[in-house]
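Paired with subunit B in one complex and with subunit C in the other, subunit A is shared by the two complexes that follow.
And now, the complex of A and B:
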């Protein structure tokens, strides 16, 4: 059942992405100041938003694990963090490529970029730590604590363009500015692409959680076989 | 349209999808490994005495 939902979600994402790509290249004009390169925004910012949403979903599962000690919540948190990390990396790489053309540099240590990099490093560390700790209870408890710590940085990433003067552009999305910063036609495609990328992330999380439950099944069968022997 | 501008836009799109596709490949490989491992453990769990004798 879960596989069918994952396939259905991925198919919906693919159809939506095909439509969005057509709209981006065939319907929307180039941006007046940036030219064609502004289209990176349609992947760069949705990838960041999907990553941030994912980290907060993982935070919810981590808190649920700490209150219930149910390993299912820990597995769900780990799955969501892994997929969110992929989208955070997409965000950093596409942003860097955009910056090379618009700013003339690949990278700068401003508050937004630096906090986003720290966020990627924290959650990469989360995944590395999980592999390093054998004992499941200790692994789940420390992972939950690190996830909570990491989400503090996610808030800093989100608010950094309000709190600090950054090289990174300020907020442009309607829900942060009250409107008027982005052309409605561009905003429409932006949100459609956000939905498509969110669907891709959901499909990946479904596949990843299936693998986590298989790993738990293997562990319990191993214990069973060991006891019987 | 500035050609360099268009080239970098292409690199951006390519990088985004390459990263996602790499992750999909990693997931697929991990899924295949887990399936193999599950089959092996199921075999051991169904006949634990045979595997105990081999130790």
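And now, the complex of A and C:
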């Protein structure tokens, strides 16, 4: 059943992405000031949003694991962090490409760039730590604790670096500005692409959760065989 | 109240042990001095050093601190001392807080040595705002110490423990280091604090309070299997 849901979600994401790509490249005009490169926004910002949402979903699953000790919650938390990390990296790379064209530099130590990078480093540490623990219960317990620390820190990091230095463009999306900063046609494709990327993330999480659960089952069988021998 | 009393007992035990063996302090102190000497080759002894001095000092504290934190729980591994401590009436929260207190004292001692040497090597008078500087050092050091104790406990049984601790702890310390660096830079440059700079002090306090609360809340999860 879960496999069918994953395939269905991936198929819906693919169809939506195909439509969005057509709209982006064939229907929407170039932006008046930035030219063609503005289209990277349709991937850059949704990837950031999906990444951020993912970290807080992982926080929820981590808290759920600690209260229920259900390994499915741990698998879900780990999968969500892994997929969110991929989208955070996509966000950094696409942002870097945009910055090279518009600002003339690949990177600057601006508030949002730095907080996004620190976020990637925190959750990269989470994945590295998971690999270093073999015992499943210990791995789930310690990973959940680290995820809680990481998510709380992300909030403080964002605020602190915002005071520190800022160069990143201000918000353009309607829910942050109250409207008027983005053409409605562009905003429409933006949210459709956000949905497509969210569906890709959900499909990937479902696949990774299944792999995590299978890996844990194989591991427990191996341990059982060891004990029997 | 009982937690605080138990935490003080643990801190006293750790500090007594450290005073006898001096293994963490010697290593961290020597490391800090070597780094400061290396910085003297990298940076000229000019006015610019006051601008970057805050950053240099806090990098030294964070790096040398990792040597102290790695030992803080690892020293309980031989003879199953950690299991004995966990089986005792001590709560995990008091154990973590006690370790953090011991880390705090050791790190402050190492910071005192480092700043004296920094003042001599780079010809910087750091005593002009000693009151404010002490407050910044105390707040920053408590934040590093509590996270060091928590993640020392979290990584104590892991493979590659020495490697894992810095990978996890440094990204988490970013907000604290930014605030501490900004304030130290300001005080070393002999400038007075403006209301805007109090934002950094508030950030240090928020960081300390939030992570101390989280550490006490999750100590049981981290230590008790």
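Assume the second predicted complex is superposed on the first by the 209 of 229 C-alpha atoms of A that agree within 3 Å, B and C clash if a C-alpha of one lies under 4 Å from a C-alpha of the other, contacts with A are read in each partner's own complex, and residues count from 1 in each chain.
Following the convention adopted for this analysis, a residue touches a chain if its C-beta (ideal position, glycine included) is under 8 Å from a C-beta of that chain, and two chains touch if they have at least 3 such contacts.
What you see is a predicted model, and the numbers here were worked out from it, not measured in a lab.
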{"item": "Which of subunit B and subunit C A:149 touches, first, second, both or neither", "value": "second"}
{"item": "Touching partner for A:39 - first (subunit B), second (subunit C), both, neither", "value": "first"}
{"item": "Partner chain in contact with A:216 - subunit B first, subunit C second, else both or neither", "value": "neither"}
{"item": "First, second, both or neither for A:94, with subunit B first and subunit C second", "value": "first"}
{"item": "Partner chain in contact with A:200 - subunit B first, subunit C second, else both or neither", "value": "first"}
{"item": "Which superposed partner A:138 touches (first subunit B, second subunit C, both, neither)", "value": "second"}
{"item": "Doubly contacted subunit A residues - partners subunit C and subunit B", "value": "none"}
{"item": "Residue ranges of subunit A touching subunit B (in the complex, touch as defined)", "value": "30, 34-37, 39-40, 43-44, 47, 83, 86, 89-90, 93-94, 97-98, 100-101, 200, 204, 207-208, 210-211, 214-215, 217-218, 221-222, 224-225, 228-229"}
{"item": "Complex interface listing, subunit B residues touching subunit A", "value": "1-2, 4-6, 8-9, 11-13, 15-16, 19-20, 23-24, 27, 30-31, 34-35, 37-38, 41-42, 44-45, 48-49, 51-52, 55"}
{"item": "Touch list for subunit C against partner subunit A, complex", "value": "150, 154-155, 157-160, 164, 167-168, 170-172, 174-175, 178-179, 182, 199-200, 203, 206-207, 210-211, 214, 218, 221-222, 225"}
{"item": "Residue numbers on subunit A that touch subunit C, as the complex places them", "value": "66, 118, 121-122, 124-126, 128-129, 132-133, 137-138, 141-142, 144-146, 148-150, 152-153, 156-157, 159-161, 163-164"}
